[in-house]
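Report on the following structure.
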Amino acid sequence: MASSRRRFLTTMGAAAGGVAGLGRGADAWMAPTVSESPIPDTFSSSALLEARLRGELPAAGAGTSALQQDPRMPSAEEVASWYTDRRNWGRWGDNDQKGAVNLITPEKSAAAARLVQTGRRVSMSRIFEPEQHFMRKSSREGGSGAVVDYYGFIYHGQTITHIDALCHMWDSDGMWQGRDPDVEITTQGATFGTIDAWSDGIVTRGVLLDVPRHRGVDHVTPGNPVHGWELADIADAQGVELEPGDALLVYSGKDPYVRGGGDYGGGDRPGLSVTCAKFIRDHDVSLLGWDMMDARPDPYGLPYPVHGVLFNYGVALLDNALLEPLAEACAEEGRYEFMFMGLPLKVARGTGSPANPIAMF
Amino acid sequence: MASSRRRFLTTMGAAAGGVAGLGRGADAWMAPTVSESPIPDTFSSSALLEARLRGELPAAGAGTSALQQDPRMPSAEEVASWYTDRRNWGRWGDNDQKGAVNLITPEKSAAAARLVQTGRRVSMSRIFEPEQHFMRKSSREGGSGAVVDYYGFIYHGQTITHIDALCHMWDSDGMWQGRDPDVEITTQGATFGTIDAWSDGIVTRGVLLDVPRHRGVDHVTPGNPVHGWELADIADAQGVELEPGDALLVYSGKDPYVRGGGDYGGGDRPGLSVTCAKFIRDHDVSLLGWDMMDARPDPYGLPYPVHGVLFNYGVALLDNALLEPLAEACAEEGRYEFMFMGLPLKVARGTGSPANPIAMF
Amino acid sequence: MASSRRRFLTTMGAAAGGVAGLGRGADAWMAPTVSESPIPDTFSSSALLEARLRGELPAAGAGTSALQQDPRMPSAEEVASWYTDRRNWGRWGDNDQKGAVNLITPEKSAAAARLVQTGRRVSMSRIFEPEQHFMRKSSREGGSGAVVDYYGFIYHGQTITHIDALCHMWDSDGMWQGRDPDVEITTQGATFGTIDAWSDGIVTRGVLLDVPRHRGVDHVTPGNPVHGWELADIADAQGVELEPGDALLVYSGKDPYVRGGGDYGGGDRPGLSVTCAKFIRDHDVSLLGWDMMDARPDPYGLPYPVHGVLFNYGVALLDNALLEPLAEACAEEGRYEFMFMGLPLKVARGTGSPANPIAMF
Amino acid sequence: MASSRRRFLTTMGAAAGGVAGLGRGADAWMAPTVSESPIPDTFSSSALLEARLRGELPAAGAGTSALQQDPRMPSAEEVASWYTDRRNWGRWGDNDQKGAVNLITPEKSAAAARLVQTGRRVSMSRIFEPEQHFMRKSSREGGSGAVVDYYGFIYHGQTITHIDALCHMWDSDGMWQGRDPDVEITTQGATFGTIDAWSDGIVTRGVLLDVPRHRGVDHVTPGNPVHGWELADIADAQGVELEPGDALLVYSGKDPYVRGGGDYGGGDRPGLSVTCAKFIRDHDVSLLGWDMMDARPDPYGLPYPVHGVLFNYGVALLDNALLEPLAEACAEEGRYEFMFMGLPLKVARGTGSPANPIAMF
């Protein structure tokens, strides 16, 4: 069942629209757009690379911001290559829907359990207030009774802590495994890369990297995104080493940022740079959890700079996590590794699940 | 904030209606009833006991069924006393909302993690198909895009695997801690005994008791309910001992029963007898998980024979669990204890949560 | 089935809380409040009158605002008497649920049809965007197909044009007919005064009164509410006379007000004064349609100054109507009477219905 | 914005799949199908005609059933020609979204009002019980309060009386005006042929044709569908003549049929034959209301034999109407014409609306 989307570089056209689109920020991904018509495949890492080869993109480092002049900033070719050359499509079989969660073997889970010492547990979930929450009470003769409630919600977005399934996003090269979203996403649900692929739970070693603490600030700031090499530095400083199958939690201080008046929405915002994607792939992380998301704007014009680990690498995304209490607990415990338990609901055809992941020390 | 419901025996009236009501099955608890008006407090363990003392109830053993003539069957006084004399109200403070989950100390959770050997994981959740499941797709210029979905559902009932919060049920003596449901249950949500009391997760030792295997049958049958003394026998036979804070999973074979044509609904049905409540209290279980529920009819006329552990003992209920795969795994592993992970969503004012609990060996 | 709420003055206590409450604005009626516990019956027209008789209320005209010094402003006793002395409870039988819509006899409807001349039709509904609107598409072999959609919404409030059923509101004297909301409003729906009482449609003579045009302004302004005597003046000026059973549409210019930057929410706002209630009762109006609602603050401290016609007089309320196009059409046609068609959905146990009422000239 | 779907006969391929498909009933139109992928355009009136011309279809009358041997039964070519040759696409302009409702001019509406004599009103709506119906009550200090409710539902199907918008269905030639459903139907709503095209209301002359009364039976029976020539006979017998823009209500006795144990679902069922489509087009009906729907099976294998008037002729469909009370009223009044009022909600991007249409005599 090979998808027509699976085209990679060889079939990638170099339409002008794609290049023009490269300057566009990733702001609108949650905004409903009216058109769902087929669009030329020109907006992806492949397209980025093509454009770069044609000399249509400025070299990295040519930007005006100090940050972009950082010599560690990769060229557009390098960035594109992280996704196009290093995709995990096919790595666990062409029809695999688990992605990097395959790296969490029983042995890996068992090893995570052996990390437990004190049994201290910390939730990574924000308070969950379903947009539709209604009560129905039944009184029985004699004074006994029961109450049930109705929950209705779209959990994607920045309100509810949730886990994204691999089918949640795509670029012009396709969904996870190169599948075609026009085929796999129906109004009756998704047919590939759904959340129930992980219904045995994501139970693995968790590692938290505390960016603000390492920087000596309260939170990551706009214009100064978290970089992959910085994650490496923080791991070193914290004395932890990432291992294949780990759940990586990147704490950026979103709550202090918002408490301090910062706006964290669909526009420009602090967060992680695309260079984190390389770090994630280099270490074969199975799940990325974060409070801040992709930094905006992305200088390379990718639609989903770090979100791209979802469909390119098959990495589970724990979105909108509450990480401040966990960062505090790590500091108190003097440990940045713990047992990570993320148990998505077993939703048929679902693109993700609200979740209440727990770290246990 | 003491509740007017907290009356116990001293204030219990002996209305005829209550006694008449004793013969009524618990069938209708999920059925919406039109009236929500206050009703005289006459239908509870207290009422049962009062009636018994007045000689208005037949002695246990006087029933016509063979089962009721079992000499191990307790008298109505004994049954009533299990709830009225042994309630956990106030045990962890008058305002406590965690109930028996308090017994899961950090040490208890850590000990559960030490049970892990192979890392084999088994889900206890059925496939979850939200009654309202809708998709919204956003295509972006250039061919990338994302999809979000809407889940709407009432999770209580027999379709969705879920955890009941302590506020989910009550009898005429009140909710957990004796609180008044007319005060605590509002159309904007519940204000006491809500699911977020357990938002740090229910992570403890799990013990599965496999009733059909012990009986040498496929499933529990109507008219032959699981009894508390049988649970004790099974534990002995399986070589496990229940400890305070354990999650007790009682496998009755609901799936084989239904596959064989059995009806498992709101009418008469196989399941657990009220004598299991005593077993649960005797062993200070923190969570009861089951596939079959209270057997019906209940010879003592209690509205919620075993469900009553929820509001009387503060025991969490994992309702409508899928236990057949876990029973098979236990048999294969030759172990009936494991690490139990139940992570209810952190729903504000909620009466429970859908859940995907995982057992890890 | 007489309600315990039906107490009127004789049983009305004079609790301090009630009097203190009189100064409170009606701001919060749509805001969810946590408590649903029984509250002493002290806040109503009856209570207002009681308080006045005890000398606890300032006489009307003693206020500081120019408007309140208008000699036409009634005393608190007068205002209270409009509701307490002139309620329509029992007027059409004790169990009647149609209220003033009873005044729309077949003859009245037929006479409304005879008003039609040109056949010009004007909608009084705003665009309706259900908060939950989801699509489900089914493609069939061969290229044919169909699409269905899901609508989910709370229609009360200021977004959706809707008709309020008589059960939608109450004061401390009770709902329509003096029924008790604690009895009639259940979490499974309402059991009295529901919208299906009007399922044969509200088809009657409609009369629009155009307040801004009469005042020579774009819209009613804060602090200068529409008064009952002004409605009488406008009717005279427009050459129309209200008759029993008419649908009265009061155009206040909400849309021009909002376009000009005015805030129309839950706080202080322009609209209709309680004196309009007397006009409505004097003319035996069957339905009140409006774009602006009760003016706030209400100097008499009533919770629902004009909304009170709903439960006191049994008058249907067409809430959040779009009246600007109708006002324009009336001016163009030189006629302020027309055939009014309001066809609420036949919702069982519902407290109202979204609606698209049409005026035909 | 011409659609790629608008191909008509010239571009119609003659794939074998389409012919094979002709024997398939229309059973599944409401059933969700997983695939939404593009399918060859081979299943439509055009395809039917093409196949017939190639001799791939049996001539009408060659069937085994007595009914098909009726000499009045048209050939497949004739049936196909009713839709392909007589479509109303473009008749009111290429971008028109009102369809045959355009025939309801102001004069037509005014004339309908002049039909009113007694003012007797009859609802055509069944009781509407939204699948999600929840209450939210707000109590205010002092004892007053209000309640709002939430309605959530899919109104298409056979439970709720509703009006279908022109975008609700299509065949392989496309939607209304030949538009492409893959373009116009998005997960954010429909972009053409939506229900708000009729937001000024459908107010016109209504004519009821009472099939059971004419046949001298309680209801139409399986295997004996209503035919177009029968509708003509009934109109004659009832002394009414259909005129352009009329709302045609065809009463088939669904309620007596169901009360008598008849199954009215997605399988074979009594109802209207495709020959009614010709009658509808011949008389330029603007709205078709019915209690029974397309008879099944359809001997010509069309996916939507009579439903096809929606996208081919632009005729509004009042689906699942309650017509028994109206048929009784017509008989009592001795009149089969009346003022018809159908006021769909003004739903943005909606494919239809629940409705409570009223007939007034």
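Some notes on this structure:
A, B, C and D are the chain letters, set down in written order, and residue numbers restart from 1 in every chain.
The rule is short, and it goes like this: contacts are C-beta pairs under 8 Å (C-beta built on N, C-alpha and C of every residue); 3 or more make two chains touch, one makes a residue touch a chain.
These numbers were taken from a predicted model, which means no experiment stands behind them.
Note on connectivity: the fewest steps through touching chains from chain B to chain D is 1. The pair from A-D, C-D or A-C that reproduces the interface of B-D, where over half of the contact pairs by residue number are the same, turns out to be A-C.
Distance between chain centres (mean CA atoms), chain B to chain C: 47 Å.
Computed centre separation for the pair chain A/chain B is 36 angstrom, with centres defined by C-alpha atoms.
In chain C, 32-33, 35-37, 132, 134-137, 150, 152, 186-188 are the positions where the chain touches two or more neighbouring chains simultaneously. Looking at the complex, you find that chain B touches chain A at residues 17-18, 21, 24, 28-33, 35-37, 39-44, 47, 105-111, 113-114, 116-123, 125-130, 132-157, 161, 167-172, 181, 185-190, 196, 199-201, 203, 303-304, 339, 341, 343-352, 354-358, 360. Those residues of chain D whose C-beta lies close enough to touch chain A in the complex are 32-37, 132, 134-136, 150, 152, 182-183, 186-188, 191. Those residues of chain C that touch chain A in the shared complex are 132, 135-137, 152, 186-188.
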